[in-house]
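Mind having a look at this structure? Questions to follow.
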Amino acid sequence: MIQMTLIQIDNYGPWTVTPTPRAEADLQILQAELYADLQRQFAAKGGLVFFTRFDNMLAVTNGVDMEDHLRIQKSIGNRYPITVSMGVGAAETPYEAQRKATNALQNYGGAQSEERTEVLAIDGLVKSDESFVQIAHIDINGITDSLTDIIPAYDTSFIVNRVQHFLMKKLIEKGSLLFFIGGDNFMSPCNGLTPEGLLKIIEEIENEINIALKAGVGKAPTAEKAANLADLALEEIRGGFTYNLVHVMKNEE
Amino acid sequence: MIQMTLIQIDNYGPWTVTPTPRAEADLQILQAELYADLQRQFAAKGGLVFFTRFDNMLAVTNGVDMEDHLRIQKSIGNRYPITVSMGVGAAETPYEAQRKATNALQNYGGAQSEERTEVLAIDGLVKSDESFVQIAHIDINGITDSLTDIIPAYDTSFIVNRVQHFLMKKLIEKGSLLFFIGGDNFMSPCNGLTPEGLLKIIEEIENEINIALKAGVGKAPTAEKAANLADLALEEIRGGFTYNLVHVMKNEE
Amino acid sequence: MIQMTLIQIDNYGPWTVTPTPRAEADLQILQAELYADLQRQFAAKGGLVFFTRFDNMLAVTNGVDMEDHLRIQKSIGNRYPITVSMGVGAAETPYEAQRKATNALQNYGGAQSEERTEVLAIDGLVKSDESFVQIAHIDINGITDSLTDIIPAYDTSFIVNRVQHFLMKKLIEKGSLLFFIGGDNFMSPCNGLTPEGLLKIIEEIENEINIALKAGVGKAPTAEKAANLADLALEEIRGGFTYNLVHVMKNEE
Amino acid sequence: MIQMTLIQIDNYGPWTVTPTPRAEADLQILQAELYADLQRQFAAKGGLVFFTRFDNMLAVTNGVDMEDHLRIQKSIGNRYPITVSMGVGAAETPYEAQRKATNALQNYGGAQSEERTEVLAIDGLVKSDESFVQIAHIDINGITDSLTDIIPAYDTSFIVNRVQHFLMKKLIEKGSLLFFIGGDNFMSPCNGLTPEGLLKIIEEIENEINIALKAGVGKAPTAEKAANLADLALEEIRGGFTYNLVHVMKNEE
């Protein structure tokens, strides 16, 4: 089972324009630093946070318990002008886990409720013997040679966003999520998705928008280890150790 | 005229997997902190950076001169395990400015060249009396009530990405760029785009994917001021002071 | 027993002037961010880092094991232009623990050795059932009214430094350490020091330099809990719940 | 003339213990990040900040005008749970400049006043044609060989603190300030101090506590340039290009 945490800044929208709109640069710095900070704290426990919409972040948090969540929440409240609420859900697929996490938090009030502050709403935590995370690291073949070094920077970014859009659409049908992680890289928490299922998606995208992708898949008890294995699997494809476009590595423990 | 800077991490891809893939959490923190850092430094000069792909960032930099760029570049090199190269371009439209900026940098070698380090390639700088930045701040009407507080967090994120994809497609045809800035917010450097042109795009998106958008537009000599005016214009729509979905505010100086 | 970790930037001095002296502002930012970063990572495990000399930091690390140290070390190496080596020691007194930690690290080569990189030298780790940390939080009585709001800022800083100097001199004789933590606050890891011993030091300082101090003392299995208890004990003195200048609180577990 | 800015966190002491004492690690991170942040922003304008007591920081700010101060102040208020007030003073000596800066701020109310928030109190700004900063970079001869690599880390830190204490005592009599900047390094804003005067202090300290110091002195219109020149002057002594223990370099402009 996979455990996911939704981290939501409390009443953020109204705060950004009170009393007058705050400088956009400051908001961008605040959001990026908050994300980096949460990443560092969840990573210390084997979790992995995706920036998602920055005011709402989704994290794979197998192994991160209630006390850890509370400590992180408090630490943010002590150092930022805003606070965060969190919802936690556990399920067989990442989509279902984040759905439960969201639902648990929504029960405590809206994102812009003035009453809801620093809520921790736990729908479920994954037990250590049931903990399982599958993550795919997907990238675009040879993007530097074919795009970055040739076409304008914005055009490359446009194509990457297009790939993201297509990947999201196809993966959500499998209960898998997709997050952009910079460059031409995506990470997909994808418990339950088979290598064949992923390969089919990659082939469809090549047919539909003529972009060639490859994917390393990692399976392990924590997000940290699964992501590491996914990276290693992707390196094996890059290094030519396998001709498959989807390569899987499992935790040996 | 608008001035844009492309900031590119030198030889980043290979670095992330040398000698073995670095922990994904560390890379995410590094990228987010680098972005926040650059934002703070460009903002001190009236500029505004968009995270774009994180390893390639685009910034509106009217008023930021060669010496400023060099200082920022050096400051990054002193505090990060990586260095950055930059290209700078000036043009009538944002698209054209980033094209020139990219081109200037590409002339010095590829993003993964081992020789190209800390290059500053200036194709053109905007003179202060010709400096003009137009920025639109676009958001989704009532997203908290209609999406964030009701549907799963990932689904909202999926819809926001879809909106981004459609906006990018339509704006690029006008020579305008679009960047996601968190939540349900986008910023579009859009010199040359008329209010009517922007309204038409908003109406088309409502027809095609049934998402209602609104836009505040700011015009000023620097990105900082244009963004502030765009925020104020958006607040006037939110506050009901205008019934238009596109509202423009100009610098009075 | 108390466990202490010495964190030393590898070959830092030469780096700061290679190829020419780096901007002082950049070095200050680098050092402060490195300290904040290490603090966040050790705090996630119940530890507490003191900035000490910034290129050499001392931390109380009961409960932080070898794997944790390695992870932190690697995380720093991934995100900074420098690396860190660490020595770990365990003893009855803080002084003795840091002596062992230093010694363990020195055995691997000098701080400016070009060969010594990312060493982790563990002389000893405290077992969980023997883990005990005593920390005193010491501050100056009524500093805001008597100094900050009246005399020049530098003069206050001068007096605080003077107090630090006297406290260090007297505490080291007891095997206790002293670190400045900002404002008029000091923290002293002081396993083995009795309340009477600490009170005597406070009285001597009042006699010698006419500065009135007070101290909250916390005792617990980790630095985090001991520091929290020390804060609470100090609050009880501030709140007038005790007339003692030294007040002790123990972990009830 | 030298211009100095006192940066003071508003009502910080009470905040740190409301409603109960905040985790010490969080406060340490907050203080270090605030310092790094201010440093980055003042450095973008040629200034240099010293961490001083962290809740009170002193900066040399020649060339940083009122608008710059306001922007920095606002930027901090947008991204931290606390706000800062500032006082600015200009004088022939650093001591006198910080005295005026402190006095200007104190006139607006105490550091722990609940009413005083985000005040900017300017007693005087240095005009660009009168701008002059003299900074000495002082360090301990051969500290790595003689101390860091041989004795316990805390003992070295103890000696460095002792040197600081003696330097502060002697420099304040000349109207010069002294700040610890990490390692075995100190920076002294010292307008008006002659090389002979500084050499005499270094000789006295060698006689009194048997620690050999050396100093590079830089003179320039801004803190940034003066500090750079001081670094270069110190490198010349280290490199054996001069036998003097005090070496001066001036801005050639």
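Per-chain numbering from 1; labels A, B, C and D assigned in written order.
In the analysis below, a residue touches a chain if its C-beta (ideal position, glycine included) is under 8 Å from a C-beta of that chain, and two chains touch if they have at least 3 such contacts.
Small disclaimer: the values here were computed from a predicted structure and weren't measured.
Two chain pairs, B-C and A-C, are weighed by contacting C-beta pairs, with B-C ahead. One finds 36 Å separating the Cα centroids of subunit A and subunit C. Look at where the CA atoms of subunit A average out and do the same for subunit B: the two points lie 22 Å apart.
Computed from the mean C-alpha positions, the centre of subunit B lies at a distance of 42 Å from the centre of subunit C. In subunit C, the residues that reach two or more other chains under the touch definition are 23, 25-27, 29, 33, 40, 43, 75.
Chain contacts in this assembly form a complete graph, since each chain touches every other chain. Subunit A contributes residues 37, 40-41, 43-45, 71, 75 to its touches with subunit C in the complex.
Looking at the complex, you find that subunit C touches subunit D at residues 6, 8, 12-13, 17, 20-21, 23-29, 31-33, 35-36, 39-40, 42-43, 48-49, 51-56, 58, 95, 98-99, 101-103, 106, 110-112, 137, 144-145, 148-154, 156-158, 160-162, 164-165, 168, 172, 177, 181-184, 187, 224, 227-228, 231-232, 234-235, 238.
Chain contact summary for the complex, subunit C toward subunit B: residues 22-23, 25-27, 29-30, 33, 74-75, 77-81.
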